[in-house]
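What follows is a set of structures for review.
Shared between the two complexes below is subunit A, which has subunit B as its partner in the first and subunit C in the second.
Right after this comes the complex of A and B.
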């Protein structure tokens, strides 16, 4: 069921278009992430939703009601601000009770509700502290309790984890997820961190320069990115450009300049002779020190030289030179890594990947160069 | 090391201390002495000790003057602050630095003109033949016989005019640092603009307002030039009574007695102010840290596994502090 819908939202600051004709809807009870690099308009969209920023055109529909022109205090939407914006002169109790007091709830109900929400965010016993006496994680929990106490239909979280250190960020992410399961309110989560978005969201909208690039579940975005931007922004990937040849049912061959012929699944039904761009995720490759048996005709085998090895414990990253192309590969260590024959810098290795594991992109943009470039190792 | 640092602080503070001692504390003590001295026939100070000047304070006209000084001081302070707060709110919200500085300049510019000249400008403005009088009579608001000048209302108006910049500057300095996203947060939580202003903005700038009260109230209690120039027979304040006793009557002990009364009257709110700050002001950071430590210890005992990282932070902090010691 739909709870929030953006219809053709456009916002300009002078000549600068921050949001351009943005339309999408969000289901009730889900965690929806707005993901994009800084300056992509995600925070502006959140501020339009919260009512802090008017939009130039378009409508915001909350639960069937047009709230575009409502002031922030009349919307059933609450925000957890990036800096938390706790009232420094008030105690934790007063901060949490603020929303109830401001809307004229009777003191008896306030005295019942506040402890409940403090309990929910595990801050019981902190009632009389001022925000200045709390740690970052505690402050954030106050901000969340304060926002939830009015029972909003939608909770907006503006980069809620950006101010925390890495360890705490991971903890708060789990905590946010648990909290979301407990309260069942729709969360809209703004972030520039793809891992955060991937781990918590039901759906993600990827934004770039004020436009929605793709909306989907984390798996859809990762496995089936429509554009090179999405593919590169979410996780690492290898891009190839080539010409389709030799159609064979659902499969085709891809002729890439200075590269072996690849056998691929033609999911876009591309015609012969067409120029396509494909993305192959690093973990789709398997690395072998010796030439493996080619058991499946759909398996592609490549031969290359290891240019860089980064051992990360659970897995190892390799950059492998195959003719003129440098390929990023991730090898998971399923077995006991000390017993395996290790692959070292300068080794000649075999790579394999299945025809089904590559993905053809709809869109490949030249202006994304910087995002797509692999780190220069020379 | 610590001793040396304290020595440094002592020498840094020394000039200010000497200045206060010579130009503030000593004259004040001298005034309190003169109260108990007789007048000599030349208008100077006579030999011996007497309570005559204190007895002269029982002058029947004084209670009215003191009361007027009191209420005009309070009212002008209140009005100055009531006008300054919205000004500072708007000023602080202006994002364009050039425009902001321009408006600040407008507030400070009157200081560049001599105080006397500004009061004379008011005299011209309020004069029986002045522009305002003619306008109001022409509009039928007041009859021809009403005097705009030489009464206590003129004194009050000029006092408010004079002291507004004194109120604006300390309030602005605090308002400028105010985090306006707090007002967004308040509105987001369902508060009306007015509720947010009252419950979030005003407490946020309360320190500036307290300072403004002090810097307006004290000169307002001591004002003497304004009642002297735009006031009439019935609008004397303690300040211009003192001036009269010194320059016209040459009765220094009497003037000193009035000054002493005024000083005590100004001193009391100052003490109240400092006391108020101590009780309601923020505690020193050390206190807060100590409290944080203690409460974290408590929390650590009762906290769930999920949240232990928070306490780890304070644990590390604690370790660091111990290491420093």
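Right after this comes the complex of A and C.
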């Protein structure tokens, strides 16, 4: 069931278009992320939703009601601000109670509700502290309790984890997820961190320069990116450009300049002779020190030289030169990694990947290659 | 001699500290002299006759001085009150305004800080005289109020220059104010009035109190402007002191100065404490 809908939202600051004709809807009870690099318009969209920023055109529909022109204090949405915006002169209790007091809720209800929400965010016993006496994670929990106490229909979270260090960020992410399961309120989560978005969201909207590039589940975005931007922004990937040849049912061949011929699954039904761009994720490749047995005729087998090895604990990252192309490959360590590190810099190796594991892109822009973590080896 | 001990590892020049000490001596010697003179039994100073509290005792029974002090306090109270309210409102406007004239407004509000007192005094006097001569007649006939130079004009004049200080101090406090707090409060359903009294005002209160203390301090020791705009017979403390000094140097003034000195120090320290108080 739909809870929030953006219809043709456009926002300009002077000549600069921040959001351009953005439309999508969000289901009730889900965690929906707005993901994009800084300056993509995600925070502006959130502020339009919260009522802090007017939009130039378009409507915001909350639960069937047009809230576009409502001031922030009349909307049934609450925001957790990036810096938490806790009232520094008030105790934790007063901060959490603020939304109830301000809307004239009777003291008896306030005294019942506040402890409930403090318990929900595990801050019982901190009632009389001031925000200045709390850690970053605790402050954030106060901000969340304060926002939830009015029982909003939608909770907006503006980069809520950006101010925390890595370990705490991972823990708060799990806490947020648990909290979401407990309260069942729709969360809209703004972030520039694709891992955060991937791990918490039901759906993600990827934004770039004020436009929605793709909306989908984390798996859809990762496995089936429509554009080179989504492919490169979410995770890492390899891009290839080639001409389609030898159509064979659902499969085809891809002729890439200075590269072996690849067999691909033709999921876009591309015609023979068409120029296509494909994305192959680094972990789709298998690396072998010796030539593997080819069991499936659709398996692609490539031969190359290791140019860079980066050991990362759970996996190792290789950059492998295959003719004129450099391929990023990730190898998981299933066994004891000290043995598996037998592939070294300068070794000649075999790479294999299944024809189904490459994905054809609808849109390709060369600039997006800059998002890839490519080392400068030349 | 802890002051002269080298305690920070590498050799540091003592020259800056020396200059600081000399500056402090230069600043405070006259004040120390007054304090000493106030305890001197001699009437005209010059030579030390003996320790005495006689001038403090005389001061205690000096009705003219007490009357002048009362006047000073009344004027200081009203001018502080009005300049604090007006100055805070001006600061709030300047903080929020997105007007292109914003910088013009703030320059105009700050200008009285650097306009010489004598110029302020003369121009205010001219204004008051003009207003009284133009409106005095019909105000008297309609409202029955006799407009003349006096407490009201002194208070108005004091508000004029105190206003700038209050605005400056409150605006400085507002500049550190996190605007997202307002948005957070709106987001939580609070009305603008509720936000002002529960969020904005408590947070900028130290700035307002500091501004008020500033205004109070300025008002109680203003001489030049008061001298121009006061009516005949209105005596504030600085005015009284000036006229007493012309008639010689009654030692009772020294005792009064010491009391004033102490009060001023208390106020200045209070102001600084409030201004430097960390936002929690």
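One rule holds in what follows: the second predicted complex is superposed on the first by the 369 of 378 C-alpha atoms of A that agree within 3 Å, B and C clash if a C-alpha of one lies under 4 Å from a C-alpha of the other, contacts with A are read in each partner's own complex, and residues count from 1 in each chain.
One rule holds in what follows: contacts are C-beta pairs under 8 Å (C-beta built on N, C-alpha and C of every residue); 3 or more make two chains touch, one makes a residue touch a chain.
No experiment lies behind these values; they were computed from the predicted model shown.
K.L.:
After the match on subunit A, would you call subunit B and subunit C a fit or a clash?
P.N.:
In the superposition, subunit B runs into subunit C.
K.L.:
For A:99, select first, second, both or neither according to whether it touches subunit B, subunit C, the two together, or no partner.
P.N.:
After superposition on chain A, A:99 lies in contact with both partners, subunit B and subunit C.
K.L.:
In the superposed arrangement, does A:297 touch subunit B (first), subunit C (second), both or neither?
P.N.:
Touch partners of A:297: none, neither subunit B nor subunit C.
K.L.:
Quick one: is A:184 in contact with subunit B, with subunit C, with both, or with neither? Answer first, second, both or neither.
P.N.:
A:184: touches no partner chain.
K.L.:
Would you check which partner chain A:131 touches, where first means subunit B only, second means subunit C only, and both and neither mean what they say?
P.N.:
Second partner only, subunit C.
K.L.:
Looking at A:89, would you say it contacts subunit B, subunit C, both, or neither? Reply first, second, both or neither.
P.N.:
It touches subunit B and subunit C both.
K.L.:
Looking at A:175 after the superposition, I want to know if it touches subunit B, subunit C, both of them or none. Which is it: first, second, both, neither?
P.N.:
It touches subunit B, and subunit C stays clear.
K.L.:
State whether A:122 touches subunit B only (first), subunit C only (second), both chains, or neither.
P.N.:
Touch partner of A:122: subunit B, not subunit C.
K.L.:
Who wins on subunit A residues touched, subunit B or subunit C?
P.N.:
Of the two chains, more subunit A residues are contacted by B.
K.L.:
Let me check the overlay on chain A: which residues of subunit A are in contact with subunit B and also with subunit C?
P.N.:
In subunit A, residues 50-52, 71-73, 77-79, 81, 83, 85-89, 98-99, 102-103, 130, 132-133, 146-147, 150 are touched by subunit B and also by subunit C.
K.L.:
Would you mind writing out the residues of subunit A in touch with subunit B in their complex?
P.N.:
50-52, 71-73, 77-79, 81, 83, 85-90, 98-99, 102-103, 122, 125-126, 129-130, 132-133, 135-138, 146-147, 150, 167-168, 171, 174-175
K.L.:
Which of the residues in subunit A end up touching subunit C in this complex?
P.N.:
So the residues of subunit A in touch with subunit C come to 50-52, 71-74, 77-79, 81, 83, 85-89, 98-99, 102-103, 130-133, 146-147, 150.
K.L.:
Over in the complex, which subunit C residues touch subunit A? Could you list them?
P.N.:
Contacts found on subunit C: 178, 180-181, 183-191, 194, 198-199, 202-203, 279-280.
K.L.:
So in the complex, which bits of subunit B are touching subunit A?
P.N.:
Checking each residue of subunit B against subunit A gives 179, 181-182, 184-192, 195-196, 199-200, 203-204, 206, 282, 288, 291-292, 295, 298-299, 302-304, 306-307, 309-310, 313-314.
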